[in-house]
Amino acid sequence: MLLEQLSGNLIQGIILGAVYGMATMGLSLIFGVLKVVNVGHGAFIMVGAFVTLWLFNALGINPIIALPGAFVIGMGLGLIFYYTTMQRLIKAPELATLLATFSIGILLEELVKLIFGSEFRGYNWVVGKIDIGVTVLPLSKLYACIGSVIIALLLYLWFKKTRAGSAIRSVVEDSEGARVCGVNVGGAYALSFALGIGLTVSSGVLLTMFIPVGINPYMGGGYTLKAFVIAVLGGLSSPYGAFFGGLVFGLIENGSYTLFALIPGVEPFALTRFLSFVILLAILLIKPTGLLSTK
Amino acid sequence: MKKEITKYYPLIPVFAAYLLLFLIGRNISGMWQLVAMLLFYCALGQAFNIFLGMTGYVDFGYVAFMGIGTYGMALAITKLAHIEGLGIGIIIIGFILALLMSTLLSVAVGAVALRLRGAYFAIATIGVNEGFRFLIEGARIWNGSEGLIFTAQLNEILGREAASSLMTYWADIMVLIIAALAAFVTLYYMRSKIGYALTALREDEDAAKVMGINVTKYKIIAFITSACFAGLVGATSWALKTPYVFPPEVFEIHYTIEAIIIVLLGGAGTLLGPVAGGLIYGISKYYLAIFMPGFQLLIFAPIIIIIIVLFPEGVVGMLKYRLKDSALARFII
Amino acid sequence: MPLLKLENVTKRFGGLTAVNHVSLEIDHGEFIGIVGPNGSGKTTLFNVISGVYFPEEGSVIFDDLDITLLPPYKRAPLGIGRTFQIPRPFGSASVRENIAVGAMFGTLSGKVSVDESLQIADQTIERVRLQEHRDKPAGTLTPVEKKLMEIARALAMKPKLLLMDEAMAGMHPNDIDQMVAFIKQIAVEEKIAIVSMVEHIMRAVVGMAEKVIVLHQGSKIVDAPTKEALEDPKVVEVYLGHPPEE
């Protein structure tokens, strides 16, 4: 019985993990290229969630179609914040970029609160479910997982096959060297930031496909913490590392929930969140470059 | 000897500001509530500045130390109230417990997180307050998510009247004393080797090491000092003013944000900065809450961004620059 | 008894060997030039000596003490001072405070008070003639002034060994001559051993040095008195296309 429950939860964990991974790629991309930690990461996920919610409830547009819309909105937000703020802070001390991205996150939360209010919302997209024996999977979750894998693959191909992609890769390796070789480093920064935010906002769509309730302006905080754990698992500066970090994290989260639930007198949900914090500290201490990276 | 005294001149404007606040609160009716809030923000800023301002490290989990200090006082009151004859001694034990617990937590967090540099440190701390909150809730420590309520015990210890004057007046005076003490410690550090070491490591940690500075030691000194003051602020402003504690409230990241705004607004690493920042932030928040309730953060978020981009040195930083050749220069650092 | 002795020091980064089995000895008060093109392992060697990196193999002996695994902040008070290729001042602190930091933390007793350090700083500032800039934030100095400030900061540590990383890079030739003469004078007066690291065989630096060590791809290829070293065929080979200046 327990084994069945555990394996069911682990399958759900892998599916959620793929979405988590995708939701962290933007964070890692931005850190890899600009060396900026986007502390407002979760707020961009929240924006994606609200885009989905609004399109679905107001216009009846299904979340899969909302995905490219969210991406475009994210790119736009990324460009705005890059050119108004981040560009001026590239050479500033870390304190400045950390606080700037943090404030951008708050600004987004408050703007969304101003427009939509702060109550918890949700939407109901009925697409059926499939029974795979140990667990029943709603198709919406499966779509979210497939969507995440496709986006991760597209990003991979884009980096490998396009000029802009290889320019960004060269900046990640060595920004001075790239500059000498004629890469427009400023442009690569702007594009990476926009792309990173675009990916993050899109991941908000996928996350609501997985969990279509609890959407509110402050939902991002928890995701920021999770994204940090995942990014650190994957080495912080590699989007693919982040994707695999997400898979691992999804497994840990769902697996530990099942096990904590067996301990009498505790609140398993709170303990899984405590555990993710402990994992974060442990990895940072043992191997700050990430458990999954080879460096 | 005279030189020793001139070293402490910069405390004059800080203490003058606190005295002025006290006098306004005492003599203008209806102002005490605002004064109490301003004192809280000044104390918060002054405490956080010792770490954030002097080391340049961002601790997103700072509120955890206020939270643990609140628990220290709360535990002393709830566990000891039944013992006859301790009276006000319980409050003193509460302060000691608050100091002890915030020191312990800061040593634990610092021993792990302070091995990390820059962005990695910030990432490690972003979960500290949440992590601690979920540990208390998840493992049902100290009554878990139900929290502790100790109004009755406080009345029992001090009597109803004294308890009420503690909550509405004396607790605020204690916050004032904590703020002044934090300012004194800040200046003491600035004038000693600790201050030189912190400036050096804030500017260039690797160069500081090669110059013979044990950077970890000095970071930990600043971290623990700052955490202890946070614990005291929590024990007073939260536990004594409002005799209850709920995990989601005292580990709310919102207070870390406020502390960051205050320190930056005033000028990170300056002595007078937290006072200036605390006053500007507190007064604007107070009036914004009256005229535009619920939108404070919407207004403050872009303000922080503007400060970071255009005025990274803050109000006092700019003032210092303007006055650098005048007679006032030695009063403002 | 040499002041500094490296025995078979090897430092690797991943698969790359930056410093490969290097042994060398430096005596008290000696002026040594370490020469090697970019990527030859010079800076890594400095970092191993000052403790920024620990070597994988070999040992570092300073003043009869094995310091191979000693953290950098414990090495400075023993008497190892250094300057950086790109100056690294504590930007917001004044020139005086920067130099005082050297005296405060970098001296052997470790008990120099703040006031004493500031006095030492004032004296050192005069030696490098930066009096006019005493109270300016160090970040606002010109590159040459920053180099001077770094030298002063290192001198305030009363070092026995001063490691200078490209101290003259980017300077006007006339300034270089003056600077080298100045350093040499201080070294003689205070009996400081100086290791000056340069990318090219620079007449001014090498001319002053008693001994030249040439690094190539992480290995020491020449270690000889200056005159011999410059005539060594291996040096000519490494610097083919960059023959030693007259």
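Lettered A, B and C in written order, each chain numbered from 1.
Just so it is clear, a residue touches a chain if its C-beta (ideal position, glycine included) is under 8 Å from a C-beta of that chain, and two chains touch if they have at least 3 such contacts.
Remember, it's a predicted structure, so these values are computed and weren't measured experimentally.
Colleague: Touching both chain A and chain B, which chains are there?
Modeller: none
Colleague: Taking all protein C-alpha atoms shown, work out their mean, then name the chain whose own C-alpha mean is nearest to it.
Modeller: Per-chain C-alpha centroids compared to the overall one single out B.
Colleague: Average the CA atoms of each chain to get its centre, and name the chain whose centre is farthest from that of chain A.
Modeller: C
Colleague: Could you please state the distance in Å, as a whole number, between where the Cα atoms of chain A are centred and where those of chain B are centred?
Modeller: Centre-to-centre distance between chain A and chain B: 33 Å.
Colleague: Measuring centre to centre with CA averages, how many angstrom lie between chain B and chain C?
Modeller: About 43 Å separates the centre of chain B from that of chain C.
Colleague: Once you find the CA centre of chain A and the CA centre of chain C, what distance in Å lies between them?
Modeller: 46
Colleague: Contact residues on chain C for chain B in the complex?
Modeller: So the residues of chain C touching chain B come out as 50-52, 71-77, 82, 84, 88-93, 97, 100-102, 104-107, 114, 117, 153, 157.
Colleague: Under the stated contact criterion, what part of chain B meets chain C in this complex?
Modeller: Residues 191-193, 196-197, 199-200, 202-204, 206-215, 269 of chain B touch chain C in their complex.
Colleague: Spell out the part of chain A that touches chain B in their complex, as residue ranges.
Modeller: 31, 35, 37, 39, 85, 88-89, 92-96, 98-100, 102-104, 106-107, 109-111, 113-114, 221-222, 224-225, 228-229, 232, 260, 265-271, 273-274, 276-278, 280-281, 284-285, 288
Colleague: Please give the residue numbers of chain B that touch chain A in the complex, ascending.
Modeller: 52, 56-58, 60, 112-113, 115-116, 118-120, 122-124, 126-128, 130-131, 134-135, 137-140, 144-145, 253, 257, 260, 264, 268, 295, 297-298, 300-302, 304-305, 308-309, 312
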